[in-house]
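Please read through the structure below; I'll follow up with questions.
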């Protein structure tokens, strides 16, 4: 991994207010792949005490976007145009892992797949998936990093 | 609006840890329609200081789900199976409104549309849309309300 | 409606091999809105004899895209980046109407909503919805119209 | 592969009018995985002569659904609730391969991922992806196979 890219992602992640709010940690950066972990907390729940779909979306969106930054030239930035999330199993557990993976790098549009897992003592359990469409932005001062 | 349904939605909303974390307020409940408002806070941002797509998803998911509860019989509950979110304009503003609207009520599957707006002195600005698929759940103790 | 835009859409629709294959007709063009009709035929079915989700997607994609062309400058073209389709009721009927509607015009990204209806003697029945993300293309000879 | 399941899928595929219309062939059935191939034909194009997104959707929906049938008990059927398709590269080529893969089998909801490829002399090229949500149906005579 290029060190400049790693530093850019780490610094950008640190500026995301929401990631701090979720106590999210950036745990892995590799070419086309980023992982984020979030510990369970009752602040992150929906009405049945499960991890909220919005929290899952926030973490998967960040993992997918930063996976996109690993294939991006340094003068560009990324904006999320849209994503789709499937909730597959109830968000129960002590800790959650969110992985973003680049399926289609491109000069204008990047497509990423995300997977969310509940992790603990046993095998990781798939709780959600995302497909995310990212747009490459050049020359806009307001969204430069 | 049936008062029992309104009470059920209000109580369920109050149990969502994430809604407290976002300082979200349930501002309107009507048949097939629920509105939620969220004030801007730097804790809710992505790296460019805009409202995070995950926060938009959390609020739209809640608005769509509770719109679903307005057409649900009292013995059932709803789970979000999946949703898609389009980000249309940067999430800038002092306050945001999220509206969920039932497009297709059903005995097994309910489909809702959500819209997010930045609101302030001028006209509301559309910042995002959601289509959400909800499944009607009967007889499961763990997700009863 | 600008006559040049109407002519461009009509000519482009006529070049779509799939629209001929479906016996689809372009029945209405207005600013931000296009309608397409498809008569039922057993060639268009899935295994239970209902209208195939792929046919619904083809017609909604065309309706959404051409609705996009009504807000597009003449030097540009549109490509569908992605769409999501919800099937709401079984595709039964003698005739189907597909409407595309622009939700968010933009200089780079256009977002459209589509609705599909079964139409006949009684009231139209909603059978499907689409949200479609379109990208504005400039200066590419291979996808010029 | 259970021979009864294979026969059920083959017979069901043969009843799909649209698959005949596209000259689609069912080329591979394995547990959780189905492949369909479609030869290019000008009847299957959009206005730029590329494979139409609706054709891609039809073939991916069929591949995903029949992948679902490989994990389904014989008394049940599947209905597509919704899907999302990302178009990644222009649909150019002589022949296309569509693969459906089960990500999450379930007793009520099944989630499948689909990938579409342009195939020819060189390496296969990814042209599209799908995420599809399928609902398990029991006891409905009209959609029994």
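Per-chain residue numbering starts at 1, and chain names A, B, C and D are given in the order in which the chains are listed.
In the analysis below, a residue touches a chain if its C-beta (ideal position, glycine included) is under 8 Å from a C-beta of that chain, and two chains touch if they have at least 3 such contacts.
Remember, predicted model here, so these are calculated numbers, not experimental data.
Engineer: More contacting C-beta pairs: A-C or A-D?
Structural biologist: A-D
Engineer: Can we say the copies chain C and chain D touch using the same residue numbers, with more than half in common, or are the two sides different?
Structural biologist: Over half of the interface numbering overlaps between copies: same.
Engineer: So how far apart, in whole Å, are chain A and chain D when each is placed at the average of its C-alpha atoms?
Structural biologist: 29
Engineer: Just the number, please: Cα centre separation of chain C and chain D in whole Å.
Structural biologist: Comparing mean C-alpha positions, chain D is 21 Å from chain C.
Engineer: Between chain A and chain C, what distance separates the C-alpha centroids? Give it in angstrom.
Structural biologist: For chain A versus chain C, the centre distance works out to 33 Å.
Engineer: Can you list every residue of chain C that touches 2 or more other chains, as numbers and ranges?
Structural biologist: Counting only residues that touch two or more other chains, chain C contributes 81-82, 84, 86, 133.
Engineer: Give the list of chain C residues in touch with chain A in this complex.
Structural biologist: Checking each residue of chain C against chain A gives 81-82, 84, 108-109, 133, 135.
Engineer: Where on chain A does chain B make contact in their complex?
Structural biologist: Chain A residues touching chain B: 12-13, 15-18, 20-21, 41-48, 52-55, 57-59, 61-62, 77, 79-87, 90, 142-143, 145.
Engineer: Considering only the defined contacts, which chain C positions touch chain B in the complex?
Structural biologist: For chain C paired with chain B, touching residues are 84, 86, 88-89, 103-104, 106, 111, 113, 126, 129, 131, 133.
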